[in-house]
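As written, the chain order gives the labels A, B and C, with residue 1 at the start of each chain.
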Amino acid sequence: METNKTKEILKIQDIRVQFGGLSALDGVDLTIPEGAIFGIVGPNGAGKTTLFNVISGILSPTAGKVYFNGKDVTGNPPHVMAKIGIGRTFQVVRPFSSLTVLDNVLAAYGERFYSNIVLSFKNYRKKVYIEEVDKILDETGLLDFRDRVASTLPLGYQRRLEIARALALSPSVILLDESFSGLSFSEMDELSELVLNLNKQGITVLIIEHNMPITLKLCQTISVLNYGKKIAEGEPDDIVHDPLVIEAYLGKKRGKV
Amino acid sequence: MWLQQLINGLTIGGVYALISIGLTMVYGVLKIIHVAHAGVYVIGAYTGLYTYIFTHNFFLALILSMAVSAFFGVLIQNYVYFPLLKYPPIVPLIASIGIFISIEEGIRLIFGPYIKSFPNGLFSERYHLGSAYLSGTQLTVLVLSFVFILILWYITERTKFGVSLKAVSQDMEMAEVMSINSKRVTLITFAIGSALAGIAGLLVGVYFNSVYPAMGDMPAYKSLAIIVVGGMGNIWGTFYAAILVGLIETILIGTLSIPLPRDSLAFIFMILVLMIKPEGLSFLFNKR
Amino acid sequence: MSSYLVTLLITMGMYIILALGLNIIVGYAGQISLGHAAFWAIGAYSFAILTTKFSLSFVLSGILAVIITVFIGVILGLPSLRVKEDFLAITTIGINFIVQAVFKYTPFFGGAMGIGGIPFPKWGDNMFTNTQFFILTYIMVFFAMLVSFIFKRSWAGLASSAIKDDELASDMVGIDPRRFKILAFALGSAYAGIAGILYASFMGFISPEDFSFAVSVAILSMVMVGGENTIVGPTFGAILLISLPEIFRPIQDYRMLLYGGLLLIMMRFQPSGFFGEGGIVWRLIKPKKS
């Protein structure tokens, strides 16, 4: 997709999250252009997952705003965020473990029926729906596993399953929370390709990742968080040379010794 | 009049505390709703009763009812709860109800369904305290309840086991990492909690001078309400909740004679607390 | 059929409906409820009051009784939005005791004496025979199974399973957990309401003791021993737990011990029940799973 019109799809304004006296996010601003692959990096405890939790509605921020397509969506519950087109995956995978792969994705596909009580009582295993979901399973490489119970899948496929589930929402943004961790090299390559493919279809991708090579390769823009604050933002090349970023990472290493 | 009700309320509250604290300790370590705890309480009452009938030694009755109750508690945790930890909480809960029914029925079949009482003359003295009076049994129950709660306080707050217990209650895996033997801690917890239930059974038997198979029914469910009010797993929250429920029951029904169902009061109180503070009274203790 | 057998089968039918209703709450939506007898009581008492005090017809009273039960069931299901698992289990126990106490201590509901003179249904001008009542009961059982079947394969059923597996993840894929938990309580209450009507009408007399906590335990045991999250499981559970006391009538004194022992042994060695996922019956039918 051509991104000559740099419309912002997601705007995060001065987000603060406090747990008790601790500040997990301390005034973070982000602007994510439509169609981007946007990376968020930072040491452990920097507040990356907290940020995702705010965007996806799991946490209400103590202060600040989240705008989606120009509309204020701050504090909406997750199912509302899902409905307007924000899908996400979890750092520790959370498939519907007793359901099959197909049913896992159907459960998300059903989002368009759930708010109508009459439609809610219709049979969900209809050919039309299954065909739609099969397309998603095919795209994410899960078609061979569609009748397997989710809990029996290897981790790499559970991660794909979470992406497939997010895709079934026909999202305009998906948030990938360390989807690459725990994968083999070949799995990482396949997943990178999938991410690029989704992006080509116009889906904006937000990535939290520890694996720097992958982040640098995939993302057009990277934001660096440390102690709940944004300390740098820019293109991958600039980020790796930013003294603040180097300090944040090296400082952490020094702390270990 | 008020002093009398206060004494009566404290006596009942003290016994509630004994049985509920054991329940809350068990919940703390295993996150299981141990309904069968009230079965252990009945076992304690019968052990104490028969020991006393045969020996006329109240001290021995107390020791034996603690020992036998602790034995059954450990048996239940080792052979039923431990293997069921990996299942959803409803599975051990139903198993626990099954154990409770089996214990009560087993006792009924062995000892008969009738109310049994202690041989006469056990603590028959009376003490006057201003306008109120204390019977010997009441004094015994009151003093022993608080003595055992004090001992428990010492164990949980001043010993190494107490520290381990708190660690395991917080997070069993973390406790293992800190090289605490969580299985041993759980066993000791069950032993202590069940011993407390046994004492409670014996004391209630003495207080009302009646021991019968179904005597555990009401404590089984009332103590659940009490531990929710106290904040599930929180020992001192449960202690205060038990005293509070004992006092409320005695004062509302005894003094003000409000026509409320005595045995539902604890649950009404519980639902009120849940609506206001879902974490129960534990918020009073977490700040430290 | 002998009158003893008909009575037994009608009782069984009521419990099948109750167990299937509770299965929607526990088995499909994963919400622990240990107070199902309270919903049953509300159905029975609503019907009893409407027919005896307001002299409404059987059918009208029945419809209103179900509506009232669903309405109150939804209100009593609200704690499930706030508290989870163990807290919910204890809260529902509390609800059982409180509802029972309300009926017991309110003179309007007949107090401890209960309510008598509840009418039997009529066929034209004639009272139903027991056999006709039996047929009515099993028509209701059929509908209970049908609705369970439709629910399980519907979007709502899928959403409920997702909530049961992982509430947060289900929220994240567009499922509003509150909506479907309340729906489960509403449906479960509707079942209990129907069973309540059948019970009140068949017995002609109800009292608070009929709906004790022990009854809630029995209904939940039917669901769990039979195998939750299935239709055949709770049905079988109800048949088993209702007929066992009859089978063991000669050793009546040991009935409760056997019941307690059955709960313990099933949960200890076969937690998914007879017909649940990986239950004992499936393993006997097809010993090797490919």
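One rule holds for everything that comes next: a residue touches a chain if its C-beta (ideal position, glycine included) is under 8 Å from a C-beta of that chain, and two chains touch if they have at least 3 such contacts.
Note that this is a predicted model, so its numbers are computed, not measured.
Enquirer: So, comparing C-alpha centroids, which chain is the farthest one from subunit C?
Expert: Of all the other chains, the one whose centre lies farthest from subunit C is A.
Enquirer: Which one of the chains is closest to the middle, using the mean of its C-alpha atoms?
Expert: C
Enquirer: Hey, how far is the Cα centre of subunit A from the one of subunit C, in Å?
Expert: Result: the chain centres lie 42 Å from each other.
Enquirer: Let me have the rounded angstrom distance from the C-alpha centre of subunit B over to the C-alpha centre of subunit C, please.
Expert: Between these chains, centre-to-centre, one finds 31 Å.
Enquirer: For subunit A and subunit B, what's the span in angstrom between their mean Cα positions?
Expert: The answer is 49 Å.
Enquirer: Touching residues of subunit A toward subunit C in the complex: what are they?
Expert: It comes out as residues 56, 58, 77-79, 82-83, 87-88, 90, 94-99, 103, 106-108, 110-111, 113-115, 119-125, 165-166, 168-169.
Enquirer: Where on subunit C does subunit A make contact in their complex?
Expert: Answer in residue numbers: 150-151, 153-159, 161-162, 164-166, 168-177, 179-180, 183, 277.
Enquirer: So in the complex, the part of subunit C that touches subunit B is made up of which residues?
Expert: Residue positions touching the partner: 26, 30, 32, 79, 82-83, 85-87, 89-91, 93-95, 97-98, 100-101, 104-105, 213, 217, 220-221, 224, 253-254, 256-257, 259-268, 271.
Enquirer: Quick one: in the complex, what on subunit B touches subunit C?
Expert: Residues 27, 31, 33, 80, 83-84, 87-95, 97-106, 109, 221, 224-225, 228, 232, 259-261, 263-264, 267-268, 270-271, 274, 278.
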